[in-house]
Amino acid sequence: MQTFTQTMLPTLLAGISAGGQYALIALGYTMVYGILRLINFAHGDIFTVAGFVMFYAITVMPVYLAIPFTIFVTVLLGFTVERLAYKPLRSAPRMSVMISAIGVSYLLQNLMWYITGGQPQQYPVIPWISDKVVILGQETKRVTVITPILTVVLILILLLLIKRTKIGLAMRAASRDFETARLMGVKINGVISMTFVIGSFLAAVGSFLFFSNYSTVSPTVGTMPGLKAFVAAVFGGIGSIPGAVVGGFIIGICENIIRALGYSTFSDAFTFALLILVLCLKPTGLFGEKLEEKV
Amino acid sequence: MKKLFALLLALVMTLSLAACGGDSGSEVSDDGAKVIKIGIYEPSSGANGAGGKKEVLGIEYANSVTPTVTIGGEEYQVEVVPVDNQSENDKGVSAAQQLVSAGVAVVLGSYGSGVSMAAAPVFEEASIPAIGCSCTNPGVTLGNPYYFRVCYLDPFQGSVLANLAKDEFDAKVAYVFTELGDDYSEGLGEYFSQECGRLGIQVVADKNPAGNTDMSGFVNAAKNAGADVIFAPTSTTVASLLIDQAASAGIPLIAGDTWDDAVILQAASKSGADVYFSTFYDEGASQAAADFMSGFQSWLNANSDKLSNNGGTDTVSAVSALGYDAYMVAIEAIKAADSTDSATIKDALASVTYTGVTGDVKFDEEGDVDKNIIFIKGVDTDKGEFYSVKEQGLNG
Amino acid sequence: MMKTKNNSAKTLLMGLVVIAVLAVLSVGAEAIANSASSLSIMLAVLKKATVYALLAVSMNLLNGFTGLFSLGQAGFMLVGAYTYAILTIPAAKRAGVYQYYDGGVVKFSIPEVFSGVLGESIGPVVGMVLTLVICGLLAAFFGWLIGLPVLRLKSDYLAIATLGFAEIMRTFIQFEGFAPLTNGSNTLRQYTTFKHLYPYVIVVGICILILVLLINSTYGRAFKAIRDDEIAAEAMGINLAKHKMMSFVISSFFAGVGGGLMAMYMSSVQAKGFTSAMTYEILLMVVIGGIGSISGSIIASFLFIGCSEWWLRFLDDPANNIGGLSLLAPGFRMVVFSVFIMIVVLFFRRGLMGDKEFPDLFRRGKRQKKGAAGK
Amino acid sequence: MSENMLKIENVTMQFGGVVAVDNLNLEINKGEIVALIGPNGAGKTTAFNVVTGVYQPTNGRVSFLGKTIVRNHPQGKMKKIYKGEHPELYTGKYKLERLPGEGDEALAKRREAEKERDPNVFTSHVLAPTPDKITKLGMARTFQNIRLWKSQTVFDNVLIAKHCRTTSNVFSATFRMNRKEEAAQREEVARLLEIVELDDVKDELATSLPYGKQRRLEIARALAAEPKLLLLDEPAAGMNPQETDELTAFIGQIRDQFDLTVFLIEHHMDLVMDISDRIYVLDFGKLIAQGTPAEIQNNQRVIDAYLGVADDA
């Protein structure tokens, strides 16, 4: 037991915490994919922008204002990116939209370099969640414990939203069949915007948790977590909300176990190898739906 | 529409060609004074952008201190030409070529050994000498006759830091944490580990994959290995992630020269972390060093752009001091050569002696300087400032 | 009329003539560049753009002509670049390069071996070209290996799987265990390279000519059929697995050769430089030039490299600021550049050339004239 | 007795719980034109897809020119939820029953004959070739919703279909060592386009053609693959009566000219009744009638299926 709390527990805690963050980002990917069939490559950068906004906001306003302000700006950014870069390409081939997403990611990164000068910035300390707590004799930040709980709560709310509300119904309809949903009076553009708004909101929340834990914001810091969150989304079956969450936690925990075993060189490679393996065995992921092309 | 667009592009291309042809290495400035150009080959974006900017600041400050040089009895204006190598080897080659195009006589830089090595053949081809400021990898000067440098080398730095671990912390076990894929980090880790072997310190090594931001796993591993110190020769980005985690585990951190940076101060302040690192410069070491600090700080504070390039504080980074020294060495060499010809300046560099703010500079046949003492600094986490710990050398 | 006739022999001949002309031009360009030091940047840009032209065309073969959205280009380039560097470092310099690994496990250099056999003048050249072929073959082998599992995947899944593969390749190169071969995380340098521009032009020209011939052959037509409609292609007897693999392996081969040339251009290689950002850059070139246009890719790579590494550099210099606005600062160049790319992606969706080739621009005019005369 | 071209035996196609084709049995002899008709959603196209290898049937066997090309039996999860008939027939449990009064020698002979047609007849072997393999055996098809290669010219659309008959490999093709073959193929394509009267538009983009011509082009493309059996999926869909008449004549013409057997799905009854030698009728996946056009026209079940039966209950 002693060895467990000393060696395994911190690893598991770190894994669950990382998994929760991946899950929150992965939801943004999976929801957008569910409706637009688009890998939103810019999502990881939106997450990073949220980190920078918080960094700058805290210098001019108190925390209780800075948090909603950051969420607002991030959501606005997600909304704007969709309107400017994806909406004009609605009828274009999927590849064009994906390329546009890569372009947006490139632009956001370069903009952040330009504005911040490339200095890694110290993320502000958010009271309470950055406090230290002791769990089974291991000291850790409160955010580590909160992350999985908050993730699960947010996802339950999200599921309720999708299952019980009218906009949720519209989303489900749009993800099934774009054209039919439009014919049935669903305002497709509104639904898509809503998807981006929710995705960006979750990215902003994810950024609070992530940066409280890892404390430094730099323009490219979101790339890897973004990519891994995407892997999590694919792993769980892209388009599926529970899939994204399960995928996030599995990848977070696996990674940390591998690192604890001393194979940290291969922790990223493992994530991608796992992805390729899953895609080959079950191309639609763990919870994904099968789509057959009609002949 | 499309044709118009294509036409427009072609036009832009031609115009810019013409424009580039126009400004060919003019040797006379607007006010009629003769000009000699010194190229600054540094990253201002990419992974090392922040560090590169600080090195540039040191050079620019030196330029403001010594803006002219006398060659053949005539006064020449020294113009610095900065170029961004984006911390990437493939971008670095064309950036270096850009300097050659601009007609520079000497090149200073770069922060980051990889880009310096990538550019070495370009400078050699053009017979332009380059003076590295903080690139500590042996490969920079080894076999590159046109590359010199004013800092010490990684084998020496790594060994000294291992001695520090022994002397200060009486370390039995050291956890060596390097960045996967980064030659600076892994190289320094390697030399540290070798010396540890000689000193009887047990080494546990681990690597951080590029882009990973979760350090808790590594700190846990260090704790489980019973490490007395963590040796982490990493970039400042990784450093600030690591410091916080290491503080909560209560293990002292030792690092290389990259940690002499305001970012580390910010990260370590109030965290209670025990941070030590090697550096090139200590303001208390000599009068010249002290003067440099006060002069540089007032220069920074007079210009908000410069201050923001320094990360918004007036904390003096060692790389700025090295940049200053590299510039001064270049000026000495130009004086000694008494010529604007870069090949002549290269020959003069070999015999230049100069006492700089980071110590004495005299190049050996590889183009390296012989420095046998390294400054060790620590972080006073309560006051939020660096303090000098000691001057560390090798034991026996 | 043209289409029904078999004019392939003419294509081959024309291609060789064009390469010869370009090689002569590049010698001229080099002379101009050397005449004034201010133009030496032009040489670097031309070299790099030439290499990127091959990389973009090889990516276009997959993404543009076969409809396989692959993002593994950087991975194959990495294989090519490392293969080239490892095999061509002169034996005497190995100890310095592999400073932590006793000179590494490879103790010979192919150009040196050949100069021993064929003499100092042509031996190294033969050795270098041969090494480039080996780069391609090795990259093609890895392409085959990775293609086995991932080519069954559909568009975006394929993209992310190949992206992941490139990351895995990077990790393996950096792995300590292979360090005596790959030098781990450390830079490989001081290997033999082409000093002049024209060998780049000739090698890339020949590679692109082969790709053009392939695309206009019966196999190239089959690739396009797969791109346009997979199900119809399969129904008409085109073996999807075989042809996709073929396209993937051939593209990997040329990406490997391109990687080798890239290593030459950079004169030092390090695995950490071959990131997904590199793949994205090449993808953007393909898009700007027009997905499915070889000449588009070539033109775009020259424009792209020219803009990002040369013509827009003045945007980074605060000294060029006009008026009270201090917009120009380091990093501004890349912002302008990425805005420019977004404009192309959004408003010129078909890129510079669409799916047309350079000669088509003239041919279409002809046909219209003929049509008018007919009526 | 005429030579057997295609034989579908006990084919069932079940998607999840839905049985799209239910124990279909049909035969087509060489030189025949056979039509498969039925109301919308009867499973006609699914049957085509099974024959051409797009779908792997849940159960059953398809033979082409006397050789088995597709066979399967319910496996995995499908074993439990299978709703069709004869689940055991292709699992290796199949045995030859002795016919009344049949001697050992006759039985052995029959056994050999079965093995000749399907070497795996007594095993559970699964055969599921991809569509391209089946096309190479000598079958080519058109699609209900036209599937031409959109960015290609009319000429190239037909030329690409010739690709499956090339003997050159990728190297010899790239380096133009296959000139003779390529020239021959181009000549053949030009001839084909003349036959289908599309030679005047051969350099146009395929998608710029009017609908009727696109249909023709699809047939020409299928012919270029040198099939013995041509499968046409609603070739007259969307055509006016005049175009339909032309098509009817055209199908007859190419059958004779290329020595073809034709298997088609069609809703235009005029066309079907005009050119079919025999007709099969599907309803809800099940075969409900078969026979000559005259027989089918008078079959009460067929009329009911098309018009619907008054629900008395």
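Letters A, B, C and D mark the chains as written, and numbering starts fresh at 1 in each.
To be clear about the criterion, a residue touches a chain if its C-beta (ideal position, glycine included) is under 8 Å from a C-beta of that chain, and two chains touch if they have at least 3 such contacts.
None of these values were measured; they are calculated from a predicted model.
J.: In the absence of subunit B, which chains stay connected to one another through touching?
T.: If we ignore subunit B, what remains holds together, so that there is one piece.
J.: What chain pair shows the greatest number of contacts?
T.: Summing C-beta contacts for every pairing gives the maximum at B-C.
J.: If you average the CA atoms of subunit B and of subunit D, how far apart do the two points sit, in angstrom?
T.: The computed centroid separation for subunit B versus subunit D comes out at 72 Å.
J.: In whole angstrom, how far does the Cα centroid of subunit A sit from the Cα centroid of subunit D?
T.: Using C-alpha averages as centres, the distance is 48 Å.
J.: Counting only Cα atoms for the centres, state how far subunit A is from subunit C in Å.
T.: Their C-alpha centroids are separated by 33 Å.
J.: Which residues does subunit B have that touch at least 2 chains other than itself?
T.: In subunit B, 44-45, 49, 53, 180, 209-210 touch at least two other chains.
J.: Quick check: what residues of subunit C touch more than one other chain, meaning two or more?
T.: In subunit C, residues 171, 174, 231, 330-331, 334 touch at least two other chains, as defined above.
J.: I need the residues of subunit A touching at least two other chains; which ones are they?
T.: Residue numbers touching two or more other chains: 113, 117-118, 265, 268, 295.
J.: Please output the residues of subunit D touching subunit C within their complex, sorted ascending.
T.: My answer: residues 52, 54, 130-133, 135-136, 140-141, 143, 147-153, 155-156, 159-166, 168, 170, 173-176, 178-179, 182-183, 185-186, 190, 202-203, 221-222, 225.
J.: Considering the complex alone, what residue numbers of subunit C touch subunit D?
T.: Touch residues, subunit C against subunit D: 3-6, 8-9, 12, 210, 213-214, 217-219, 221-222, 224-225, 227-229, 231-241, 246, 250, 292, 355, 367.
J.: Taking the touch rule as given, give the residues of subunit A at its contact with subunit C in the complex, in rising order.
T.: For subunit A paired with subunit C, touching residues are 33, 37, 39, 84-85, 88-89, 92, 94-96, 98-100, 102-107, 110-111, 113-114, 117-118, 227, 230-231, 234, 265-266, 268-269, 271-273, 275-276, 279-280, 283, 293, 295.
J.: What residues on subunit A touch subunit B, complex-wise?
T.: 6-7, 10-11, 14, 18, 113, 117-120, 122, 132, 139-141, 210, 213-216, 218, 220-221, 223-225, 255-256, 259-260, 262, 264-265, 267-268
J.: Show me the residue ranges of subunit B that touch subunit C in the complex, using the header's touch definition.
T.: 2, 5-6, 9, 12-13, 16, 20-21, 23-25, 44-45, 49, 53, 82-84, 88-95, 97-98, 100-103, 113-114, 117-118, 120-122, 126, 137-139, 142-143, 180-183, 185-187, 190, 209-210, 305
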